[in-house]
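Report on the following structure.
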Amino acid sequence: MPKVTVENLSKVFGKKEEQALKLANEGKKKSEILERTGATVGVNNASFSVEQGEIFVIMGLSGSGKSTLVRLLNRLIEPSQGNIFIDGKNVSKMGKEDLRNVRRKEMSMVFQNFGLFPQKTILENTEYGLEIQGMAKAERRERAEKALDNAGLLAYKDQYPSQLSGGMQQRVGLARALANDPEILLMDEAFSALDPLIRREMQDELLDMQEKMNKTIIFITHDLNEALRIGNHIALMKDGEIMQIGTGEEILTNPANDYVEKFVEDVDRSRVLTAENIMDRPTTLKIGKDGPNVALRRMEQEGLSNMLVIDDSRKLYGYVTDSDTARAVKNHEKNFDNILRTDIPTVQKDTLINDIFEVIHDASTPVAVVEDGKLVGIIVRSLVLGALAKDSEVSL
Amino acid sequence: SSDDASKEDTVGKGEEIELSYVAWDTEIASTNVIGKVLEDLGYDVELTQLDNAIMWEAVATGEADGMVAAWLPGTHGAQFERYGDQMVDLGPNLEGAKIGLVVPTYMEDVNSIEDLTDEAGQTITGIEPGAGVVAASERTVEEYPNLEGWNVQTSSSGAMTTTLGQAYENEEEIVVTGWSPHWKFETYDLKYLEDPNGTFGEAETINTMVREGLEEEMPEAYQVLDQFEWSVEDMESIMLDIQEGTDPEDAAEAWIEANPEKVAEWTEGVTAE
Amino acid sequence: MDFLDNIPKLPVAENIENFMDWITDVLEPIFDFVQSFSEIVMEGLTDLLLLVPPLLFIVLIAAICFFASGKKFGLAAFSIVGLFYVQNQGLWDDLMSTITLVIVSSLVSVIIGVPLGILMAKSKWANTIVTPILDFMQTMPAFVYLIPAVAFFGIGMVPGVFASVIFALPPTVRFTNLGIRQVSEELVEAADSFGSTGSQKLFKVELPLAKSTIMAGINQTVMLALSMVVIASMIGAPGLGSQVLSSLQRAQVGTGFVSGLALVILAIIIDRLTQKFTK
Amino acid sequence: MDFLDNIPKLPVAENIENFMDWITDVLEPIFDFVQSFSEIVMEGLTDLLLLVPPLLFIVLIAAICFFASGKKFGLAAFSIVGLFYVQNQGLWDDLMSTITLVIVSSLVSVIIGVPLGILMAKSKWANTIVTPILDFMQTMPAFVYLIPAVAFFGIGMVPGVFASVIFALPPTVRFTNLGIRQVSEELVEAADSFGSTGSQKLFKVELPLAKSTIMAGINQTVMLALSMVVIASMIGAPGLGSQVLSSLQRAQVGTGFVSGLALVILAIIIDRLTQKFTK
Amino acid sequence: MPKVTVENLSKVFGKKEEQALKLANEGKKKSEILERTGATVGVNNASFSVEQGEIFVIMGLSGSGKSTLVRLLNRLIEPSQGNIFIDGKNVSKMGKEDLRNVRRKEMSMVFQNFGLFPQKTILENTEYGLEIQGMAKAERRERAEKALDNAGLLAYKDQYPSQLSGGMQQRVGLARALANDPEILLMDEAFSALDPLIRREMQDELLDMQEKMNKTIIFITHDLNEALRIGNHIALMKDGEIMQIGTGEEILTNPANDYVEKFVEDVDRSRVLTAENIMDRPTTLKIGKDGPNVALRRMEQEGLSNMLVIDDSRKLYGYVTDSDTARAVKNHEKNFDNILRTDIPTVQKDTLINDIFEVIHDASTPVAVVEDGKLVGIIVRSLVLGALAKDSEVSL
């Protein structure tokens, strides 16, 4: 079961909510609805689901409804229509008391401008979520301190937010959200207010944290590079509608429409595409089964100057060159023992192209792509360059 | 001045009595004197300065026990009409008070209201709107044919005396609503205009008013207030003292010391022995 | 504290008194001129207002309210009912006198206050000097300067305006100062970066941008001028204030309330209208 | 306008008068109790203040000023000179009475005003009802309710406080309302997002954040209470006000100014101190 | 002569200016100076010059002194020390009147939050600079309308700024600055407030404009990609000091210190490096001089399978392959006429690597790099990949 499921969620701001909703469901556009009813469509029929432990990124330009969507999830904004399920419980139909419990226990939010209470110390801020649950002072203090410690901010616990730098403040925001130990983190442009350097650090920290704690994170940004960097899935919004949902690669390589295409045009593909996206199926020799004769014949047939050698379980042993193989045939050798070369460069299936540049640049052979030590593909130079060419369609 | 033990033996027995007054010179003088007399009798006297109307309201509702500042029948006519039946009128404590139109003596050609033609910009400078003198002046303007086109300019007592002072210094013509006793007659040479039609009424008296029930609750104090009566000269001597900078309380005390026989008349029948 | 009591009383009162006498003497010609001139203007204004038939006046005000509030009926309806009430209670003439008093006081305050506020915004020095004077003007009880006002300007509307201006001036000065200081730094920089001279910057950028803050100050000034109406009547300014005062003298709560209510109505109409024009 | 003149005068004054009589009768026991009780408290407070020797009092105030203004000398020096002046002019007792009046009026205003302001911030409905009442309270001239004040509470400090509270209450209400509405949406959302209840949000987030705005309103309330001191003295509240008033009656500019200056000094010290505590 | 020259420019904010300046000149750091004197160093000893017609970008994190530096140029901030020359005139020593003239005629500024006067229409805003010079209404109107027309905004001239989108507002800001026809444009984070999509458009417009009008532009940004995209030279600031000045390539490939290196780490090099940066010196044959025999020998010597053919003036004719050449030698042909192939892919010297991907991917030969039709280098696949590898040092 997905952690979060959203069904046909809509939000209309303004007086003629009913009428506007009807028009929206008829497929009318946001601007037309605004003109006809004066109501603003914030979110229009959004449906998606998020699995436990993934980072789900919502992207879009200003005013596209990202904030509205995420605030609907914990009902800081009341939905006009649709359902929100958290672990199967329908949040949109909950009573006040239950909703408060969900907010206290299940999800916490991190805000763009940090949302720290200026009159409280860092520690008091971090305690806030626990304090309002009525937790005893000693216990909540301990937990807050632990959360701050994890964020590397324990030394600052008695400072006030204004005494900290932006990056530190955002780490406090994160620590505060985590102190509650929620299942789900909602992050609304949590890093947008930060410096480029600090921002990158925070992204790294988030990824680290994600790995360790396995939270479900819903993350808003309008920076595509950020989205691609941290998101398992990305939803791209425009005018309240979700244009496309998919992995970064899917969105980059199969944009659902012109808008999405234009949106992703400027992105650095070498930081999104991985070895898997560009690799070719390798022509291989099976150790123990194929011998030098077979090898030489196949190399000649396929016009290759070298071939990779694997075993039955596709474990990679190395490669042989055409000249070596010819010599082995001449010497009547029956296996590759004498000619097998093992200095073959390998990359993982999910290595970014950006990281393959170096490997492939130095290599005189193709690069092998492995997964759990097993060969899954090869990459030659022209494949890398082809993938980076703008109008290429990479098969996935 | 005296301690509690000795107060027990006095007439007043330290009982609290509250006299209210309006901050006119006459009333400051009289209230301080009678207050001092009561205090000497052993009362715990409290003098409360109030706005004119509030003073009446206070006695009417019993908030204050009494006051010696009711100018009748003219000046406080309206208030007396409103509150007169809610309090006890102990009669005049001063006779020979007067209200009327007043001009500086250097306006030699004007001696009667009937002499007024177009002096002082045809304006009578008055005090607070709603005050008795002002109402009387307005009546006067209506009743004297020669005052057609005149108007009564209301302001306040302070503003009126200031204007008078300024005009006097520059020997300009001015007609004000006047009442006496008042220190202006000491400071400047002024005269009342004759009032052949009697629109300002005859002489004014300043009456003593006390709250209902005072007679039963504090008969001695009631009696003193009832017997309180003095002359314009008495009052003016204190007023002059105060005007010259003496503290009102000290001025009252000094006057009491200098006039034991008058005080004895007031306290006759209530003194301890 | 014997020690303190032993210090002789400083002759503050006497010195003030002498100073006032001196200044009254010295400036007499000026005061006289100002008084006669202003008296004529203000009486003329009141007469002019009285020339307008009440019904027409009510309709005009209602129309202004209607359009100023973006064609909403609320304020217009209120002003019709309110003004009809004033007329019905026989307070129309007093209302007109009060309007004159308030208009003139506000106008004088604005004419003095706005330039003073600009000066304060531009000069730290002026700021340091004027601020305590403003504090003094607002906290010294009006009752204290009623007498000097009479000494300077006699009895009537003119000293009423004088007293009102003293009390009502500070907000215009303060908000003008604030408004100009609040103009976004980027816009001031933009004006500078194109090579504006000081006065170009002031008139083309700063004042237009500070307008709504300045107007808020003027609104406060008008409100304070209104609140001085009763006190002004103590030095002879005619109008609703003197009705209130005379009701107090006669202890007529009802009549006082009737006139007071007329003042409240006037205040609310003026307040809402100036607020509407501020936006 | 004949048409308007033909409408008979509505009996507003009479009705008010009757209403006031009725309410005075009905509520008499309550009023009496409040009066006696408050009178005792306030006289006690004044006596307490008078127990402190002036020199000690001056030193204490100067010390508070010194520390409140971050160890700067300006305000402390001002308060020493100012209070010494008051003592020197023989106005010490009056000053203490005035302080009592202002403290009690402000306290009552705050106790009523802050909850009312919160209510207005939270309920549109309360906002709609209370706003015009506040307008009314601020613009109805105090002179109108002096007589009812006496009818309710007699003469003395208590009706003085009543009149002061009516005039001085609105800023506390308005600024509390404003302060709570101004709390940044993000912080309110943050509080909500952690599942705060309404009162947790109010006490842990909104009130602390609105504090400085609320304090600014309270500062205004104190200032307005001070400005009512003279009018309160018309109904028997002792203090500097009654000095001012009697000077006015006797046209003594100097004496009036001396007492007025004492009020200004008190106002400035209180204003600066509350502003310092606001930050 | 450079258009703008800045010498030892410093700005200290705060009371102890003299003392702080002295410390700064002694080489003390910003934080130390703040601690010792309480004064903030805004700009510390900056020197640089900008040539006519170039776009000079100033970069750095928040608080590094970018805005201060650019405001010193038109003396919106008075310098604490140093000289600023515009066309040789010393702006820092000018009187008020002269300074005003420089501001009116020589340089205009574009602001981050647009700096449009909200109470003026678009047209009035654009006129402002001319109006204060006292230009007659008709003339200034005409010029302002022309500037708006160039910006494609003439239709909106009677609207107010608040009625326009952010991108349109910024175009008005630009039009207003250009209406004065200044020599120099100062742009302080002019595009930072814009959407990613609109931002890219504005950058393109700026580059177009630059080409047409040849203004000198000083442009502030903290976005490295933006800097690299539009800047001819880039100055990188930290704590008021200029850390490094150079072209984008120089900064990317030869970072002056660790800070710069960290700053540029994340950049997409394929959008910065050009053909020139990665090309090899080609081995060529001269038409008219070399024949098939020479060609074959050289190909064998150097192990090449094809060679480019040029003439004396290095004009590129095409290429010959080894097999073709061998055949020509066999046929005793004396020149390349029969074997010359002309289907050779070419790129310009300043083509971005990002745009080379496609060309090189499809090509079976090396790619020729030309400048004015003349051959200046060749690019083979491994060169492209090598340049993108992170730790490569590209020779310039």
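Order of writing sets the labels: A, B, C, D and E. Residues in every chain begin at 1.
Just so it is clear, a residue touches a chain if its C-beta (ideal position, glycine included) is under 8 Å from a C-beta of that chain, and two chains touch if they have at least 3 such contacts.
These are the chains along with the protein names UniProt gives them: A, E = Quaternary amine transport ATP-binding protein; C, D = Glycine betaine/proline transport system substrate-binding protein.
Bear in mind that the values here come from a model prediction, so they are computed numbers and not experimental data.
Student: Can you give me the shortest step count from chain A to chain B, moving only between touching chains?
Tutor: Each step joins two touching chains, and the minimum needed here is 2.
Student: Applying the touch definition from the top, give me the chains sitting in contact with each of chain B and chain E.
Tutor: Common neighbours, chain B/chain E: C.
Student: Going by the touch criterion stated earlier, list every chain that contacts chain B and also contacts chain D.
Tutor: Chains that touch both chain B and chain D, as defined above, are C.
Student: Please identify the chain with the largest separation between its CA centroid and the CA centroid of chain E.
Tutor: Using the mean of the C-alpha atoms as each chain's centre, the farthest one from chain E is B.
Student: Starting from the Cα centroid of chain A, hunt down the chain whose centroid lies farthest away.
Tutor: The chain farthest from chain A, judged by C-alpha centres, is B.
Student: Indicate the whole-number Å distance between the mean C-alpha point of chain A and the mean C-alpha point of chain C.
Tutor: 64
Student: Can you check how far apart chain A and chain D are, centre to centre, with Cα atoms defining each centre and the answer in Å?
Tutor: 60
Student: Report the inter-centroid distance (CA atoms only) between chain B and chain C in whole Å.
Tutor: The answer is 36 Å.
Student: Could you tell me which residues belong to chain D and also touch two or more other chains?
Tutor: Residues 146-147, 151, 245, 247-248, 251 of chain D each touch two or more of the other chains.
Student: Could you say which residues in chain E touch two or more other chains, in rising order?
Tutor: As it turns out, chain E has no residue touching two or more other chains.
Student: Spell out, as numbers or ranges, the residues of chain B touching 2 or more other chains.
Tutor: 51, 53, 57, 156, 158-159, 162, in rising order.
Student: For this structure, give each pair of chains that are touching.
Tutor: Going through each pair of chains, those in contact are A-D, A-E, B-C, B-D, C-D, C-E.
Student: Quick check: in the complex, which residue numbers of chain C touch chain E?
Tutor: By the definition above, chain C touches chain E via 186-187, 189-197, 200, 204-205, 208-209, 211.
Student: Would you mind writing out the residues of chain C in touch with chain D in their complex?
Tutor: It comes out as residues 1, 3-4, 7, 9-10, 12-17, 20, 53-56, 84-85, 87-90, 132, 135-136, 138-141, 143-144, 146-148, 151, 223, 226-227, 229-230, 241, 244-245, 247-248, 251-261, 263-264, 267-268, 271.
Student: Flag every residue of chain B that touches chain C in the complex, lowest number first.
Tutor: Touch residues, chain B against chain C: 51-53, 56-57, 78-79, 82-83, 125, 128-131, 153-156, 158-160, 162-163, 166.
Student: Quick check: in the complex, which residue numbers of chain D touch chain B?
Tutor: 146-147, 150-151, 154-156, 233-236, 242, 245-251
Student: For the complex, give me every residue of chain E touching chain C.
Tutor: Residues 71, 74, 76, 99-104, 107-109, 111-113, 115-119, 128-129, 131-133, 180, 186 of chain E touch chain C in their complex.
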